[in-house]
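Have a look at this one before I ask anything.
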Amino acid sequence: MARSPVLTVRCIAIAFFVLQIAFSPMMVMASDADPEQDFCVADLASGTVVNGLVCKSPAAVTANDFVFHGLANPGNTKNAAGSSVTPAFAAQFPGLNTLGISMARLDFAQGGLVPPHTHPRATEILFVVEGSLLVGFVSTNNQLFATTVNKGDVFVFPRGLLHFELNVGKGQATAIAALNSQNPGVQAQAAALFGSGISDVVLEKAFGLSEKAVEHIKAKFAA
Amino acid sequence: MARSPVLTVRCIAIAFFVLQIAFSPMMVMASDADPEQDFCVADLASGTVVNGLVCKSPAAVTANDFVFHGLANPGNTKNAAGSSVTPAFAAQFPGLNTLGISMARLDFAQGGLVPPHTHPRATEILFVVEGSLLVGFVSTNNQLFATTVNKGDVFVFPRGLLHFELNVGKGQATAIAALNSQNPGVQAQAAALFGSGISDVVLEKAFGLSEKAVEHIKAKFAA
Amino acid sequence: MARSPVLTVRCIAIAFFVLQIAFSPMMVMASDADPEQDFCVADLASGTVVNGLVCKSPAAVTANDFVFHGLANPGNTKNAAGSSVTPAFAAQFPGLNTLGISMARLDFAQGGLVPPHTHPRATEILFVVEGSLLVGFVSTNNQLFATTVNKGDVFVFPRGLLHFELNVGKGQATAIAALNSQNPGVQAQAAALFGSGISDVVLEKAFGLSEKAVEHIKAKFAA
Amino acid sequence: MARSPVLTVRCIAIAFFVLQIAFSPMMVMASDADPEQDFCVADLASGTVVNGLVCKSPAAVTANDFVFHGLANPGNTKNAAGSSVTPAFAAQFPGLNTLGISMARLDFAQGGLVPPHTHPRATEILFVVEGSLLVGFVSTNNQLFATTVNKGDVFVFPRGLLHFELNVGKGQATAIAALNSQNPGVQAQAAALFGSGISDVVLEKAFGLSEKAVEHIKAKFAA
Amino acid sequence: MARSPVLTVRCIAIAFFVLQIAFSPMMVMASDADPEQDFCVADLASGTVVNGLVCKSPAAVTANDFVFHGLANPGNTKNAAGSSVTPAFAAQFPGLNTLGISMARLDFAQGGLVPPHTHPRATEILFVVEGSLLVGFVSTNNQLFATTVNKGDVFVFPRGLLHFELNVGKGQATAIAALNSQNPGVQAQAAALFGSGISDVVLEKAFGLSEKAVEHIKAKFAA
Amino acid sequence: MARSPVLTVRCIAIAFFVLQIAFSPMMVMASDADPEQDFCVADLASGTVVNGLVCKSPAAVTANDFVFHGLANPGNTKNAAGSSVTPAFAAQFPGLNTLGISMARLDFAQGGLVPPHTHPRATEILFVVEGSLLVGFVSTNNQLFATTVNKGDVFVFPRGLLHFELNVGKGQATAIAALNSQNPGVQAQAAALFGSGISDVVLEKAFGLSEKAVEHIKAKFAA
């Protein structure tokens, strides 16, 4: 790519932040009590902040509440990351409320990357619809488990561990991911480290970088 | 189809039984303790019957343990049901052990059906890869929530409720399902009712059928 | 019985539907968060639809909130099923809210049947107070585990699996069931299949029946 | 009673200790992983000490594994407590393994008492089969919720709280209790305080008693 | 001590009741749904009684919501128990809401005692900051597991079991306890038995005491 | 410090890796089934790899199994990080097996840092024993919640989110942390990103760095 690296990382950051917001706008209002009723379709218009999503009146629930169309089309991968992640979490798909599962669609331009991230509250399983991806996770023993997966392959990322997906095929790639939480959370670690405001001294010591180097990387994540 | 209805239902039953066995061969050896370690890849060759799958030595675990190739190809839909369900549960995909999630691939010939069934231990979420499906579930208030979903659509079937999928498009259909359990279980209700050996009198009373009518339907499920 | 089979099954269906409604009227308002307080007696009069039952003010809670009298008398078994199921779930017994358990009373006229059904969210354990019952469940391998139980016997039906109870003794029978959920849900499979509106084509293929035969059975469940 | 109070309490203690042992002999071998298979009938003859009960080979499981006859007859209430508690926990009823529920039968002679106790790991729900009982529990605010329940009544004791049952009717009484754990545990608090070997000084301070008074009560629990 | 034993135990009781109230004032409003969002800081000023603590608007949450200063200073041990327990549960520390953990600070005067008690809903782990404590718990087999722990030692009390802590060193002692629930509950068994209003006859039978002796002990807990 | 930055980060990495290994050596053998028995003390000498830690014979369990001495002394902070983290997880403290909680001791030299890390499976609560720490976590909305805490303060880090602790006081600092899992896992994100073997291209894109810069940072983590 001919874009400047500063713009590149900034765009990646913006793209991912947008995705994070798309993933979890009502983070603090979404909670998963045990499913003790058939369903409890969320009423996203409610202003009440309780531990969970306020539900629609049962009388207002139809089959349509259990359908989500948002994963039908590829996301826009014309960004620095060369990737797009479209969530189908409870915040986007209210019918998922209390049901303990969610989905997302991953689209990759050639060479596109979903940068290393964690899901604080879920395991993720991924099915490759098209293309070839280098996927991997890191264990708490800091061992990397990475491999290439192709169309039709399934890969599983254990709960809470750092992982990533990179398009290593020719052309585009698409995958469908499922997670065992209605609101698994997504934390892109590069952005969390360098774009959240953690003090320089912490990052200098953690990475063995000079303050200048830390600031240089931080600049890439400044929104 | 020109097949006799007896053969047809018998074949559907056999097909589904095979699928059930494929789904849950080691049912009693599979159990989901809370994920308290990064992973615990099952050792399916072990003869020990404990509450859970015995795990491989960590030293023997590689990235390949977290990949599953079994959903890459369409299943054989040349059967009475006109459908094929290929599981990626812990019994097929040992890397899923303790991770709380699984997948399956549904393929449909034209007019094919995955007959009404329940998952005793999981919610299911489904993504339509190709085609058009009539999908629905029945609530415990006996209300049917059914609709047609097309390529790219997502539908969710709440935990434990009766549901089905029928190909209503032209040509074939394919879907990928995820379930929030490593071993969700599958119970096809028609087969459970008429093919497990439940006494005639129970079925006569439950369905308002004569003994002759019950035997007639039972014959279709006789393996 | 001299009743017409149509009326019979319709009555069984109505009886069971009534029971289902009795079981789960406030389905969407009942939910089981982890018990993190001593108790949280439900306020069933509240109009708020949240994920769970709104609770009474603690100041208004008395010992009486933890007593339920509704299982004291036999239910009316003068119906087609020859059975009556009286629930003590959170919707009937608000003191159960958050406590993770519920009960029901099963009464049987001679030959009475609680038709094959599932509990989407609970295991059931049953104690025979009087009489003899044929009880059984079907596993996900489609194996039937059925036996006769007599006064004083206990039988357990694993979570989510199809099961039934039939009075095979002389005279009446009574049993007390407990379930490990405040709102386990009840789904009578015959009614869910033929009485919820699932399209004929699905049932024809699932049972190997003609459209006419399907309509014939459906007619029995038309309310 | 004409028995000496020392013998009396000692007998009550012995009776209850026997019951405790009956309740939890294989305490450390019983554990409840999430039910991720249909069932996992315990093999109580196994010498392996794992976190859970080792299971029978599925091929050896029959309907009989899900039946328990042990609650069919009244227990022997000719003891100091005037009560008998017969457990149907996983240790007695191996089919309960992993199923998250258990039962017990309570029998009372006239004036009989199941002394104040806790279940560390379960809520209890009780159905009065015969007689009248004074039942109650104490909240963590030290508020007593007690009332008389009669034949057919149901009472619920929230998880982990101190509770008791006393026969206040004429003649005998019988109740069936269910608990939402396969091995709820039972801790009789009087015996735990004065019969386990807790040092005198702790009890003197806790109860405001002299050493002599503490020893006097301890003597009643000495086995 | 020169205080009368009646005043002594009454003071111990009052002290502990105060501590209990401090522990669980909003018992019925606190509940732990699964953590499905990052956090849900409680709004303790809300008058709504739901199954859980109503949460602050996310916009109002700051780092300060995750800090608690209340364990910084020793509690007042100039009371009969010679101990002070300062809770950091959700009711005191709203940021803990939904996070599944809490803390408490235990301070002991010389010879001070935290009397035998249970936590209905949590395991407790304790770290000795200063001094020497005799700590122990009683199993459901009525076996006492007690030992002396010194500065820097850790001891764990399994979920729901009776336990106590006694200062056996010279001078004061301090410990920090953590519990795996935001609202574990505390039930002092002596007070629950003799100070909640349980009828004399129950206590007479349970302890083998005369009515006079029971009343004598009860008087110590009369508030 | 006069040490070369390469050595520094390498040492930090080594130190943290050692800590990780100390934290989770038997990661794959440790699992948390629901506590359905009083306790199940792990037998760490067992060679059996099951989903959970094999338990000691109950007959061999003593009070000593519930004591852990390993947090009694400060760890060695004479390393690049200037910190030491001493775990009391199930792998070190077998008595914790199945009990759902663990502890750790954090020691800081002046300016010492526990680098940014996540716990995949637990919430953490921390008590400052001595000194002043800058602590903080990052939400999934990439918002930093950081503040200074002093002796006696408590801070809570929600489950799975990135967090860190830095000694900002004069002199040393010590804290005790508790986590609501017997084996929470620890993943230091800098090391996971740059020290596990993730390909350069992934890191270049994720951080907006040149290959040279990535290799430069990787060199710091090369063990």
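Labels A, B, C, D, E and F are assigned to the chains in the order they are written; within every chain, residues are numbered from 1.
Here is the rule we go by: a contact is a pair of C-beta atoms (placed from the backbone, for glycine too) under 8 Å apart; a residue touches a chain by one contact, two chains touch by 3 or more.
A quick note: this is a predicted structure, and the numbers were derived from the prediction, not measured.
Using the contact threshold fixed earlier, the set of chains in contact with both chain A and chain D is B, C, E, F. Counting the residue numbers used at the interface between chain A and chain E, under half appear in both copies, so the two copies meet with largely different residues. Matching residue numbers shows that E-F is the pair in D-E, D-F or E-F whose interface repeats A-B, with more than half of the contact pairs in common. Averaging Cα coordinates per chain places chain C and chain E 41 Å apart.
Inter-chain centre distance (chain C to chain D, centres taken as mean C-alpha positions): 28 Å.
The set of chain D residues that touch two or more partner chains comprises 24, 27, 31, 33-35, 38-39, 50-52, 61, 120-121, 136, 139-141, 146, 158-159, 161, 185.
If you sketch which chains touch which, the pattern fits none of the simple shapes: not an open path, not a single ring, not a star, and not all-to-all. Every pair of chains in contact is given here: A-B, A-C, A-E, A-F, B-C, B-D, B-F, C-D, C-E, D-E, D-F, E-F. Of all the residues in chain D, the ones that touch chain F in their complex are 24, 27-34, 49-52, 120-121, 181-183, 185. Taken together, the chain D residues at the contact with chain B in this complex read 31, 33-40, 43, 48, 50-58, 61, 97-98.
Across the interface of their complex, chain F is touched by residues 5-6, 8-10, 12, 17, 20-21, 23-24, 27, 81-82, 113, 115-116, 118-121, 134, 136, 138-144, 146, 158-162, 164, 166, 185-199, 201-202, 205-210, 217, 220 of chain A. If you check the complex, the residues on chain A that touch chain B are 35, 38-39, 61-73, 88, 93, 95-96, 99-103, 123-125, 127, 129, 136-137, 139-141, 145-147, 149-159, 161, 176, 178-180.
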